[in-house]
Amino acid sequence: MTLAEYKYADTIHRCFRCGYCKFPVNWMDVNNCPAYARFRMETYSCGGRLWLTKAWLSNEIDWSEHLAQILYSCTACKNCEEKCPLRFNVDIFNMIQAARAEMVERGLVPAAVKEFLENVQRHGNPYGNAREGRGEWSQETGIEQYQGQDYLYYVGCVGSYDTRAQQTARTLGKVLLRSGVSFGVLGSEENCDGNEVNALGEETLFEMLAEENVRKFKDLGVTNIVTLSPHSYNAFKNDYAKYDGSFPVLHYTQLLRDLITDGKLDVSGGMNARVTYHDPCFLGRWNGEYDAPRQVLSAIPGIELVEMEKNRESTLCCGGGGGNFYTDFLGGSENSPARIRVREAATTGASVLAVACPNCMTMLEDAVKAEGLEDKLVVKDVSEIVGEVCGIG
Amino acid sequence: MSSVYESLVEIVGGEHVSTQAEELYIYSFDLGTTEPHRPDYAVAPRTTEEIQEILRLANREKVPVAPLGGGLSLAGLALPLKGGISLDLKRMDTILEVNEKSRYVVVECGVSQGQLTSYLERHHPTLMHSEPGAPPMATIAGNMAIHGQGDLAHPYGFNSDMVNGLEVVLPTGEVCRFGSCSVSTQWYTNHPLPDVGLFLGWAGTTGIITRVSMKLFPHKSIVGAGQFVVKDENLIPEIIHKITHTEMVHDLVAYSQAIPPFSSGLHHLTINLSADSEKELAFKMELIFDDTLGHYIRSGDGGYLGFNRGLQRPQVSKTSDWRKGGGFEYVGSIMPVETYPDCYRRGREISEKHGIPYTVLGRVIGMSHAMMFSWTYAFNRADPETMDQAREALHETDDLVLELDGAIWKPGTYGQKLVMERMDPNTLNLMKKVKQLLDPNGIMNPGNWEVS
Amino acid sequence: MPEILVVVEHRKQRVADISLQMLSKGRQLTDEAGVGLLAVVIGGGAGTYAEELAGWADGVLAVEDPELAGPLAEPSQKILSAIIKERKPLLVLMGHSSFGMDLAPALSVELGVPLVTDCTGVSL
Amino acid sequence: MDIIACIKRIPDTSEADTIKIDPSQMSIEKGSLVFKINDWDEYALETAVQLKERTGGSLIAVTVGPKEWDDVLRRALAMGADRAIRVDQDMVAADCHSVAIVLAALTRSLPYDLVLCGAQSEDFGCGQLGVMVAEMLGVPHAALVVGLQEEEGKVRVDRELEAGILESYTIELPALLTIQTGINRPRYISLGGIKRAMKKELQVMSPGELGLTAEMLAPQVKLERLEFPPRGKEAVLIPGTPEESAEHLASILQSAGIF
Amino acid sequence: MFELKFDANICLSCGNCDCLTRCQYMDIDRETAKTEITKIASGEDSFVLHDCVTCYACEEYCPMGNHPFYLIVERQEELDIPPLPKPLIERGIQTGIPFRGEPEIFEAKEPALCMGVFSDLMYLIQGKLFDEFSVISEDPRKMFHYFCQLMYLHYARTSVIKERLPGIIETIAKHGAREIVFFHDECYGTYDSYCSAVGIEVPFKPVHLFEYLYNKLNELRDEIQPLNMKVAYQRPCSSRLSPDKHHFVRDIFDLIGAQSVDREYVDETALCCGGTIQGQRREGSRLRSADVQERNIEDMVNAGTEVCVFNCPACYNTMAGMVSRRGIRPVYMSDLCRLAIGEEPAGWR
């Protein structure tokens, strides 16, 4: 494909490389573009990435392993779209995804991305684990298979297979059971929702996943979906309609908030803790939901919610988006976004760093270990905090 | 060649030096019309010691070094004109000290304007620095190195007049300190020791500024901007003269631009005021908009457009993105204020000759002592024709500045040549000696201010 | 008298470890089955190993040839197939090394004898 | 340069414990397994596609196996093969010799300058097939190739020996090479690529069409039994300070009768 | 071309000459009023033409509907004594020039809403009160194609209004809606009052925003929770052109349980927001504007106002900051109505 055929040929050259995209809303530093914060070379800033994409598509530079790594180091956190002062800002990540789609079609993707996508093609999850094992997390929890209940509780790959995230999936399931919510899970029948596959540019694979999922949901008579991960929430809410799959979907924090306000979930037990909340990009900047998780936490007596300076639209991505929880292009340094983020969390004096996404959970928990902050800061999912308050192990 | 690379990896670490096509491509462009100049290495140091070692290496291997802050100075000043090392200083971004009592701040060279403004707003709300109109990614030290100006230029002069002290690595690798910091631990004044300040305005050709101390100024709780508009450009100099006489105003800028249409052919004056009380604000507004400018209003020659509280961070202006082409460049100049009418008229002719909607702006420096006057030319990076038009307009404007008896501010190599052709030979010769003294091997940002 | 033939590899004036393993396995098999053990070594300087190999094998066949500096599959195949056709050994043992993988399958097709590779245990 | 690439379909068993041996102990339970192109063959395919992109000519991907093996040929077509041929014969896995006979017969019926095979397979890892086919075709060969550069009428080849030593020499065409992993970076095969490759030709032949009878394909080697290796050794982590762990180790060694 | 329907004889027979005697910015007794209005009618100069602050009020005061204000503005232009300095006039006229391409003409189903030159306020247009609208002029880059031009009454440039207005009306009409609700009060005044006063044909029926809101709130009557807030209304100058619709302000307040404070400057004695006065040529205009604003806000504070309700975005931009500094929360009328049915106001500060 030449530059002319590139979907954003008439806007991609409009980037000035003025550098706004590196800042949070209050301009306090240049660490809010995770890839730039990690490498601090102009090529890794959003502007650098757009210029390199244009240069590659107009054959000014050739494809290389390094170019692919730069393109795939973007974590789809949309800080750039929040800060770019120019009118094309709504399309910035689309431009990056379209460039990745071109690399995917030419087969020229980094090895880690090739692995990720092949594993999803074959096993329905990026880890390459067997499909039968996808439901094991729910053993002995009393959670039932989905047959038409009010909600389909969609867990996602990370929640299903990552040992730490499985605990979150279990706890949330039990909290929903305790609140009398009628729901079921797909277990080993659940397949990847494709949000990261789409972000990685494998748009045909995403199409197949979406169509299969929509057919499966319709056959099972799914009416409402509640997701553990903001990534699945994003795909179902924004991208599945194209495949005739516009199901009403909630992120679980929205459901927990409603359950608490409707009195179906009693959190009066309370918990004494100083908590700071990390806004996941796919819930906040992508879908504008900043309040539900905070309302859940503030409804728990004894919790002192303290805000990090980089919160809401200015959240610093944990570095796990856009497939990076697996490809980990931003790992391996004290400047990895997750480690910068946990250092900031520690400065608030909070003892609990609350998250609302399994990807953030794994990234930030590893970062707490890497920073040696285990004694000062523990990473807990909002559902786990609610579980603790309700005495659910 | 690989030995230089290996040495650089030893100095800054493998992740902060690159010879790969991608880095060399990005670091060969600035945001303006200058042709790309490809570096051989892109290096991002973190400490002054690393810069010393890099410069010693550069001297041994005769490798040019071009320092780079935000890279937004346009005119090719941030490009490695003779290849070699493009030294990205943005990792050195620590705000070292803010002294409330003596009102100064000490920053590393990579600290950006946005970062400092945000830091002061959050931690020292009664202090402010003179922030230039450039995007927030521009660095403090980079702005110093080109005699930049900010939104306190009218009351307090060039940003380079606000320097309290410098830490500089000389081209041959030694670290020098200028100002009080060279004798005391405090960075509160640039004088009174013998003056060897040879690093401002040289665009990084005599050394690399690694730390700078800068004066800060009182920041009042109410800040805002009044707007005044006139049709006749000949009125602007006298109006500026009268307003500056009141000594009440912070930033004072006159601008005119064809786009958006409301400002075409008209001259808007932005008058920034600040006050700690409604009383102080009302007094200043009355002094300026009634007593000073009242008779222009009554005569119908000038119009008061109101006063808006709160100052917005300057956005990428509409005109610079007019071509929707991700590119613009402007010629900056330091002119006598009375040349505003000619600057406007002649500048407008150049713009219209090249099919570019004109955009001019004059920011007052001091008490009408001078003004920074700029002509902006937008272009479309995807349409080489518009880039050529913009480049020609820029060069014609460089010529215009000297023709109108002014001085080009932060000129590219074209403008530098014009300036040096007119400078008196002895001063030029002294510049040559200074350069040779400080940079015997000619590795410090060669290609800029090169006296033939 | 029936025998087991071991193809010995050598590089840089040393017998390859894999061949020593082959020889010790061969010795064990021949003792059990009461058959002879013949070591075959080909290439430049082949003779120099004769004495060392004699410690293992009943007989050593060294094919000197200055031309053959390193072990090259094609010429070695011609030599070995001639030896095997002549002596008709019960079993031929060869290291599953880069040399062996390049040679054994071709030899097996040429001689029409079955081949098993990557063995970790052999018994007669 | 006309190239033939031989590929094999094997189960993707990244997680070892999911494999179970079926009651007959002659093969593994295939029920829930997912299949892919044998890794070595993917490197061979990538080498072939790059060679074709450089020199032009045709690339045919071939395999010997039942109907469900078409999927790996589809992927080969998506990777860049012009056409694909499957010889419809469910081969006994362990016997490379009979597979070699089929491939040799098929290759003789096609125009070729170069035949590329994977050095070995992930499931049985015999590492025999390619060289056997070469011998049957009577063409020169080289195994474990890690570097390839085409020249006029011949190829310059690097072979990987032990201890990292490389051996390189040239071979006259036509020739056969078995490719070692690491020679290049196989490209990703996108779902879109597979869909587009659906239009390309996939021909199915029977052994009979190649003049092969059942006896000719009789296996030389008979598989007796498949079993997991016994869980022999075990590892013990000795805690404590150096002094404590030294003492502990000494006691273990004594009890094992080493001293 | 587009003659102003003004009849000097009506003025002669007018007893009280309310247009000038009731003016709140000039102190004119009946005698002076008589002589000045005749001078103006016959095209002579008059101090009224110099001192008029263009607050539109006399259009409402005139009992005979003889358009005294439209006359004053035409005379100011004829005698070249505009209230504003020339650069402001030129700036104002040039502001109205569209320069970002042609608007997208789509088939507007009814009910249709036209945002005029306030497309930037689209964020206010959300929730049940607006969800059935198809919106004309929602793109800020194309809004000057829908600019009603009436602002030029402050600039003594009726010539510009008459030159551009027919084209604007044609563009709006192309959308095909027969009935159009106008977001801004001045647009309504243009198509209801000014056009008929100067004989410009209007092929659609304008609907006042407040009338629409009132009827809509009535439909949603059961969802209204009384606000019981003390509110003051900042009446814009353009509402003087549609006095017959002014009653909807109080009707809406009563419907949503907003308690309209008892204060001096209300309805016919409402004070101008001072936005245009501050830039006028006349001596001391800036302070005069500040004084008008001060009196108006003081009046609100003394009456215990909690919320100041705005109609016109220009008034909002001028006074919102000032009222909030005095502890009064500024809000648009549409946002107040949305708050009454339990929705979150978009512009709440």
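Should a chain be cited, it is by its letter among A, B, C, D and E, assigned in written order, with residues numbered from 1 in that chain.
Methods note: a contact is a pair of C-beta atoms (placed from the backbone, for glycine too) under 8 Å apart; a residue touches a chain by one contact, two chains touch by 3 or more.
Fair warning: this is a prediction, and the values are worked out from it, not measured in the lab.
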TODO: Quickly list, by label, the chains bordering both chain A and chain C.
DONE: D
Open item on the list: For chain A and chain D, which third chains touch each of them?
Closed with: none
TODO: Between A-B and C-D, flag the pair that has more C-beta pairs in contact.
DONE: A-B
Task: Closest chain to global C-alpha mean, per-chain Cα centroids - done: A
Open item on the list: From the mean C-alpha coordinate of chain A to that of chain E, what's the distance rounded to whole Å?
Closed with: 49
Task: Chain centre separation in whole Å, for chain E relative to chain D (CA means) - done: 82
Task: Approximate Å spacing (C-alpha centroids) for the pair chain C, chain E - done: 106
Task: Interchain centroid distance [CA atoms averaged], chain B/chain D, Å - done: 63
- [ ] Work through the pairs of chains, note which ones touch, and then classify the graph as line, ring, star, complete or other.
- [x] line
- [ ] Chain pairs that touch, all of them, please.
- [x] A-B, A-D, B-E, C-D
Task: Touch list for chain C against partner chain D, complex - done: 16, 70, 73-74, 96-99, 101-106, 108-110, 114-118
Open item on the list: Which residues of chain D touch chain C once you look at their complex with the stated criterion?
Closed with: 96-97, 100, 119, 125-132, 134-136, 140-144, 159-162, 167, 178, 220-221
Open item on the list: Under the definition above, what is the set of chain A residues touching chain D in their complex?
Closed with: 104-109, 111, 113-114, 117-119, 121-123, 128-132, 202-205, 207-208
Open item on the list: Show me the residue ranges of chain B that touch chain E in the complex, using the header's touch definition.
Closed with: 229-231, 259-266, 282, 285-286, 289-290, 294, 296-306, 309
TODO: Using the touch rule from the top, collect the residues of chain A that touch chain B in their complex.
DONE: 13-20, 22-23, 26-30, 39-43, 48, 51-52, 55, 60-62, 64, 66-67, 70, 85-86, 309, 333
